[in-house]
Each structure stands twice: as C-alpha cells, then as structure tokens.
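Chain IDs A, B and C follow the sequence of writing; residue 1 opens each chain.
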Amino acid sequence: MNKFLKEAISDFLFEYETPRQVLVKNKRVGIVCRLIQLAVLAYIIGWVFIYERGYQSTDTAISSVFTKMKGITYTNESGLRIWDVVDYVFPQHGGDSFVVMTNYIMTSGQHLGRCLELPGLATCVSDDDCVEGKHKRKMTGKCINSSCEVFAWCPIEDDRTIPSPPLLLEAENFTLFIKNSITFPEFKVVRSNLEKNVDLGNCLYHKTSDPLCPIFRLGDIIEMSNFKFIDVAKSGAAIGILIDWTCNLDLPVDECKPKYYFHGLYGHGDKSNSSLGYNFRHAKYYVEDKIEKRTITKVFGIRFDIIVQGLARQFDIIPTLTTIGSGVGIFGVATVVCDMVLLYILPKRDFYKNMKFKYTAEQGEDKGLTQSKSENENN
Amino acid sequence: MNKFLKEAISDFLFEYETPRQVLVKNKRVGIVCRLIQLAVLAYIIGWVFIYERGYQSTDTAISSVFTKMKGITYTNESGLRIWDVVDYVFPQHGGDSFVVMTNYIMTSGQHLGRCLELPGLATCVSDDDCVEGKHKRKMTGKCINSSCEVFAWCPIEDDRTIPSPPLLLEAENFTLFIKNSITFPEFKVVRSNLEKNVDLGNCLYHKTSDPLCPIFRLGDIIEMSNFKFIDVAKSGAAIGILIDWTCNLDLPVDECKPKYYFHGLYGHGDKSNSSLGYNFRHAKYYVEDKIEKRTITKVFGIRFDIIVQGLARQFDIIPTLTTIGSGVGIFGVATVVCDMVLLYILPKRDFYKNMKFKYTAEQGEDKGLTQSKSENENN
Amino acid sequence: MNKFLKEAISDFLFEYETPRQVLVKNKRVGIVCRLIQLAVLAYIIGWVFIYERGYQSTDTAISSVFTKMKGITYTNESGLRIWDVVDYVFPQHGGDSFVVMTNYIMTSGQHLGRCLELPGLATCVSDDDCVEGKHKRKMTGKCINSSCEVFAWCPIEDDRTIPSPPLLLEAENFTLFIKNSITFPEFKVVRSNLEKNVDLGNCLYHKTSDPLCPIFRLGDIIEMSNFKFIDVAKSGAAIGILIDWTCNLDLPVDECKPKYYFHGLYGHGDKSNSSLGYNFRHAKYYVEDKIEKRTITKVFGIRFDIIVQGLARQFDIIPTLTTIGSGVGIFGVATVVCDMVLLYILPKRDFYKNMKFKYTAEQGEDKGLTQSKSENENN
C-alpha cells in the first residue's frame, strides 16, 4: 500500500500533461483567428491595463476641511455699518459647509408682545375674522384698522421685498482660504492642499495660471459656477466646491495634487438658474430694560459646500493577476469563436472535424468496434 | 536569417492551433456533464449577470444637503412665549445635522459670582467640608445653611427634574423640508430630490401615497423610526434620516429617485429605547448694567442626521468582459469535475483514459520504444 | 427536419467532449511544471483567499457621531472667570467637528465708530497718508498722533501677542465623550461604540488597558497625536480622531469593534509641527444704552474632526467564484509557460512537438496527402 502511494506521488510529480493540438495550416482560418486573438490581446493590454489601469488597486480618501474667509465691507442703509468676517459668515468656526451673507433683511428690537399683522396678510372687518387656527401666527382675536392683532415677536419682520441691489455686493472681492488634508488609509499616504512652492501670502486661484493656490475670490467662484454674482448675491445660492484628488501613487507622491471644480447645487437639472435662492433666519438675543429682545436677520447668502473626492491607485499584485486570469479566460472565448469558424463555416469543415475530434461510439451500440479502433491507434 | 524570420512570421500568421478532443458518446457522462455545465451557465447568466448585474460598473455619490424647518409653537410656563424656527433649531443655517428643541430647562440671568450649591449636592456641617478639589464646581470654602458656597455662574442651573409633559410638544406638527443634490462623478449624472411633478407647496411625505415629497412632519418621522413622540420629546433622541439613491443608469435617468428611511441612532442594539436621550446646553450672552450675563438653556431635542447613500450602476464593457472571462474560467472547473467522473468513477474509466491520454515513457527507460511508437502514429 | 433537430439535441445532450492530452513522463519537465502549478495554487489559496480574503464581499459604513465635552476651568486675567462647556466649545450642539478653546484674546464692548488704528499698522505724517484703498480697514482720512483714524468696530482688537502660557491650560484635563453609530447597509448590520461591558460612568480611554472606552482625556489625545499640550494650547491645532471599524462579519458580530487613532491634520507632510495653529473669531452681540455692541474673541483652540471609516467583509458566493474563475485562468498561464519549456527549451523538444501537434498542410499545396494521412490515422 505504502509502495503504491509512493508510486502515485512520483507519477504525479514526474509527469506533465499538455493538451494535444491540431495545427491547422490554412491562411483564411489563421488570419481570422490571429485577428480575433490580437483584438482580445489589444483589449486586455490597451484598454484594461493601460486605459483602466487594471494592474492597480484603488482606495478612497478620508478628508478634513478648514476654511477661512477674508474681507471687510460697508453698508449705508441706516447709518454706516461695517461688516467683518464674524458678522457675515455662519457658522463662525470654519467648517466645510458655511454661508457668506450677501444680502439681508434685519428687524431689530423684536420682543414678545401684541402687534398688528403685516398689511394684506390678515385683513379683517370684525373681531370674528381674527379667530385662532386660521393663521400661521397666534391671533389675539382683535381686529384693529382692518388688520388682525397677533401675539408674536414684535415688530413683525417684513420680508416682502428683497433689497436690490444686494447690500453686501462687495462680497464679490472677499477671499476664501481652504485647508484640506486627505488620507488614503490603505496606502498610508497623507496629502495636504498646501503646496510647498505656492506662496500662500500672495497667490490667488486661477484655473490655468495658478491652479494650486487654495485662496479663491468669491466672484471668481461664482463665475466658474456659471452664475452672475449680482443674481446670486440678491437672493442667495448654494455652490459646491469639489476638491478632486485623483492620484496615481505609482508616480512620485508629489504628483498627487488637488483639482478644484465649482458648480451650483440643488438644481432641477434643466435650468441653471434653479439653484438660485438660499436664505435662513438668524437671531441675536439680548436683554434691554429687563426685557428679552432679539434682532432677527433674514440672511440671503452663498452657501458653500466643500466636497472632497479622493481616489488613489497603486500597483497591486492581486488585481494584476486577476486581470491576467480573466484575460486568459476571454482568450478561451476567442478560441471558441475560432473553432466555430473552423468547424461550421469553412468548406472543409468535415475534414477539420475529423482532425479535431476522436469519436467513441455509444457504449451499448458498437462497443467492440470502438474499443478496437482506439486500442489500434494507441497500440 | 531575414528569410527565416519571414517564414516564422508567416507560419505564425497563417496557422491556427486548436485542441484535439475526444467526443465521448456516453449517455451517463453526457448528461452529468451537460448538467454541470448548465448549472455553471445558469449561475453566470442568472446570478452574476441578471441578479448582481455583473455587466455594470458602480459609482458612489457625492452629496449636499440643505434643510429648513417650519412651524411655530407657544409655551405658557412663565408668561406666554412664542417659539419660531430661529428659537428652536440649532444650528440655524440649515445643515445636514441639526437639533429641534422639544423640551428645555432655562436658567436666565446667570452672572459670575458666589452662590449656594444646589441642595443635596454639597451638604456641609462646617467650612472644613467645603474644601476645593472635592467638587466639580469651585468652592469658596464657606458653609452656609448646611450647603457649600461656590464660585460659579449664579444662579446655578437646577436640572434635577425634566419638565413633563415636554414643553414644546407641538413640535410634532412641525415640518422639515430637505433639499438634497447628488452627483455621480464617474457617470457625470447630477440628481436632486426636488421632483418636477411634486407640488412642493402642498405635499407631505407619506411612505406609500407620497414617497417623493421632501417635506416631512416631525411626528411622522418619529413614528416611522418606531418611537413614541411623547417619549422622544421629553428627553430627546437622535434620529437618522437615510436618503437612499440606488440607481440603474441604464434606465432613463428620471427613474433614479430617492428613498427615505428613518431609524434611531446610537442604540445598544438590543433595546429600541436605548437611543433615547439627547441634550446639550446652549447659552445666550448679554450685558446688563455693565455686567456680562447669560441665559443658559439645557436643550432636550431631536437631533436629525441626514445621511445620503448613493450607488449608481451603468453598463460598462470592462466588468462585462471580466465577468465573462472569469465565467469561462469556472467552465474550466466544470471540465475538470467532468473529467474526474470520466476517468476515476465510470466503470469504463481505463478505456476513456486510453482515449484521452497519449503516454510518453520516461526518457532514460525506454527511449527507443517511445520514439518509434510516437513516430509510428504520426507516420 | 424535426427528426434532424431531435437528433442534434440528443447528440448534444448525450455526448461529452474532453481535450486529448499528452502525458509527458519526464522528471525535469514534471518537476518544473508541478512547481509552477504549485506556486500558482499557493498564490491563489494563500494570498488571494486567506490573506486578501477573496471569498468575501465588502461594504463601507454610513455613520453618525455625537460628542459631549466635560470639564470646568478658571481664568484670573481680569477678575476670576469660570469657563464651562457652553463657554469653550464651538459649536455647542455636539457634532463631529468642533473646537475646544484653549487660549483667547477677548475684546469687549466693541461698537461701530471712529478710533485710531493700532500703533505701527498705519503710521502717518499728514492726513494725505490716510487715504482710502490703502488699508484693510476704512480710513476716515484723518491723521491723529501719527496714526490714521479708521471707521471700524472700536476699540480695535489687538492680537499682536498671543497670551503665554495659554489661558485655559487646564483644558488638558477635560474629557470628550464620543457616541458613534455605524450601519453597513448591504449587510444590514448596525453597530455602536457603546459596548455593553464598558462602564461609561467611570472609564477613561487608554490605548492598551481600556481601548474600548469612548471617553478621552484631551491631554491624552494630544499626546497620542505626537504633540505637546502646551504648544497646542497656545496657538491651536487641528486633530483628527479616526474611528476605524474593520469588521469580519463571518465572525460573531460582537467581534466588530472600533479602534481609535489620533493624528494632526493639515500638515505639510515634512514637519509634524506644521499642523499647529488654529484660530477663528467669535462674536457675542448685545445692546447697551441703545447701542449695538459686540464682544469679539479670537479663539485659539483644538479643532477635533471625528472621521469614521468602516469596512466590513462577509462571505459571498460571487467574489468566491470570480476568484476561483480567474485563478483557473492563471493556471492556464502556467500551462503556457510549461509548454514553452517543453517545446522550445528541452533537448527533446522536437519529439514533444510531434507528440503534441498534428499538422494539416496548407490547403492548396498538398491537399491530397494531408487528407490521406489524417484519414489513415482515424480510419
């Protein structure tokens, strides 16, 4: 038994099986098949390996963003007023999503009390028209001068007309500084958008002449998003700033650089203007003469969402071999196609069929004959 | 030499090699092998291609979210008080993570000074019991009326009992409007959750009757997350709103629509109530009589995290051919299995072995014989 | 015709084709080829299946984070002042990105008006030196005491010297509590970082002795990020807290646990100190004697970005079979290599060539001869 096992192992180790093949010397078949094989090879090498980089594995980035606005402007609506960064940026701590105020409706000194609804919003003839449940504000039930009285933060904010031209039109010249740090955890690569050879003190982003400077003029961003600043500033808009890190880490890591793209958000898809309109209300609370008051500001502004998209590729033996493996599989398909041409289309197909196949007849039918035929050949 | 190269190339171009095969006419083997091959084919076509869509490449979305709450409510705790959006939403600028206050403990007029600790938290008999380092607040070292004096924002917030029923129970009827814009960067597809044929002015989300309306009643969200609003409103909770974009871009792009799911966050996994409890403190600072004061509010509320998950699929030649290629590979496995049946299990296995294999004897042993045998066959 | 079809189908069903092979009994070839095949097999099983887990499909997590700081400190700059959580955390609602103030320059009582620029920033001899456009603040055009007058929030903030030692050095002992909930949508697995057997009331994270406790001492985080707290506290820094969920869901789901990593953000990559420096301005607005005033604070602090990275793996039939399929393909490559050895390198290559190939001569040339040769063999 032991001896038998030894023999089987030595048989297995010292022998090698390779398929027997027919070499068909036929110009037509040869050229057709070589062309098919060439096409498959070109596809695997050209497309999968070179174009799609099938020899690389990929990793997406985890990222962190810090932003800082710069710029001061003035309004002269009701007395000269200065607006610096803390006044016009919401929220103030420099995250990846923030709003730069460009227009506003400010209602100062609101306190809880009774006052008349805005003209036209709740007209009445008698107190009976001012019953609760009918209106978005709490009615007191009194009709005064054809307008219902409400219990609310008074005076009521009048946002029926948006200031035009926008009050902070100068925001066009504000600058935005973006610090972005990304990590490709699988490849243990950390990159930052602060390039060593970019002078952060003086540079300004420009699509072609300074594409690596992380300081952006607001007017430029709006223009690159295909909006007009005056439209955007009046009623607000939402703008996405896409930082795209597509890195081939087989090249030196310094080649891994960010690209910046700008586009409007929340559009209906058909009309570029549909992204326009962004506002929210902001309140500052204070106490005056023991009474809690608030200044409510309806803020129209540009909301910036900084979206980081990182994709790194690096040579990896696994996808390389998987690609080769499945490429060999597709070569098998090419062989099947060529065989079909050979066996079903060519005029001499019966001859090739004979060359390629050896037949064993159905067991019961002509067992003796087959047996002898085969044994004869292998004698 | 040149001629030799030419011949080799023309030989290579004009000839085609195809494996020689044995055609075994045996019902048992035939059926077994065809069944195995059929199973492999069914797996590749049915499962990989149709079910898992192996002919498509995938892309994940980058996304941006804007939210807006609507609704007003009243409390009558210490005088009638109105709560509108700026009062009950934190933060106010409409990001993808925000809190809607449903209950609160407000401590007004806090200023820096000396006051007694809350009863029971720092009882004392003499000044010696009030030494520093023992307590979370800064002790002054004095014991007054059996309670230590502390240096703190006075009066000290008393959060020992949470108001019940919750003060802003009306929040159940507030509505949340979600604007969501996603981009599949690889496929250059941009989608928004604002459908053209949904009337944003009038609609309200309902799981079955209005699944595309992006306006949600808070009470409905809580119910769909399997909570009771009264529990959630009292002590707060964290709710995830998942917007799921699973898109087959081989269909018209309009078919790519969002689905909304709601679930509690931060649970222990075993008990649905464990997600309950969400609070933070919020302060409003002001100056009164030259003294800095603050109103601190312990906010119990519902924190909403809007999580967007986008996955698009589109026909792509690479995964198609890779799938075919590795499918052909698996066919190879089927052949190996069938060969094993043929050569090791069938009673006529020796006969088939003879048919399939041609032997070359060990080089040294019987070199002459093999040579002649083989030359004989190929005469 | 019907009968013909029936026969074709029964032929197809009841026959099986298997390649004919040469069994080469040659020690050298045998060993070389078995070694190549063994290497391929070892690669597929050892590397792809066991090391890279090619039998599993992967899913990335969607996640939600809630944070809560704890700790009180005191400053004695201009009178004893208490700092609690609402005073030193920005923003206050506990998101995944927040700043803990460690140092500050506070300018109280700013109001809109005229005042002198900081000494040295706008020196002048006459009013002509104070023309607009030259300076970042709005000049009034007057030169007073060798300094230009500006229209601004007065008094002007003097941030030329950063307080040292940092005013809130005690922040080192503050603690940060992180609640993190993740979902692997494809595998329908939800996990939270609140482990059942961790006592949240008493524990403190330690890399080795308590790696699952989600409560972190600020000083420890800074140390684990390779910074010194005193440096970080003075001028601020940005720290990333990476929560890594790498889960093998073929194991019990309880084995899926978070790991915490800490590192500085926004570095230039070459110098660990380059991440230092993080500040922003924060304003509190109030009204005093009918005049709007603000207290502006230049906040130096530690910005924490909590980044969650989740990757789950689970057995899946598709990648398993794809891996096997492309593995078979790579076996095909091994066969090609072995054949090359056999047919081009071995001394007996012509003999093996004869064994492996059957030639069909060029159609036109010697058609008759080939025909007879082949028919002879298959007689």
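As a convention for this text, a contact is a pair of C-beta atoms (placed from the backbone, for glycine too) under 8 Å apart; a residue touches a chain by one contact, two chains touch by 3 or more.
None of the values given here were measured: they were computed from a predicted structure.
The remaining chains, with chain B left out and nothing else moved, touch as one piece. Both chain A and chain B derive from one sequence, and where they touch, under half of the residue numbers involved are common to the two copies.
The mean-CA centres of chain A and chain B are about 16 angstrom from one another, to the nearest whole unit.
For chain C, residues touching at least two other chains, in rising order: 14, 17, 19-27, 91, 286-287, 325-329, 332, 355, 357-358, 362, 377.
Residue ranges of chain C in contact with chain B, taken from their complex: 12-27, 62-64, 66, 68, 72, 74, 79-82, 84-87, 91-96, 179-181, 183, 185, 190-192, 194, 196, 284, 286-288, 293, 295, 317-318, 321-322, 324-329, 331-332, 348, 351-352, 354-355, 357-358, 362, 373, 376-377. Contact residues of chain A toward chain B in the complex are 14, 17, 19-27, 29-31, 33-34, 43, 47-48, 52, 54, 90-91, 97-99, 112, 136-138, 151-153, 238, 240, 242, 244, 263, 265-269, 278, 280-283, 285-287, 290, 292, 294, 296, 303, 305, 307, 309, 323, 325-330, 332-333, 335, 338-339, 342, 355-363, 371, 374-375, 377-379.
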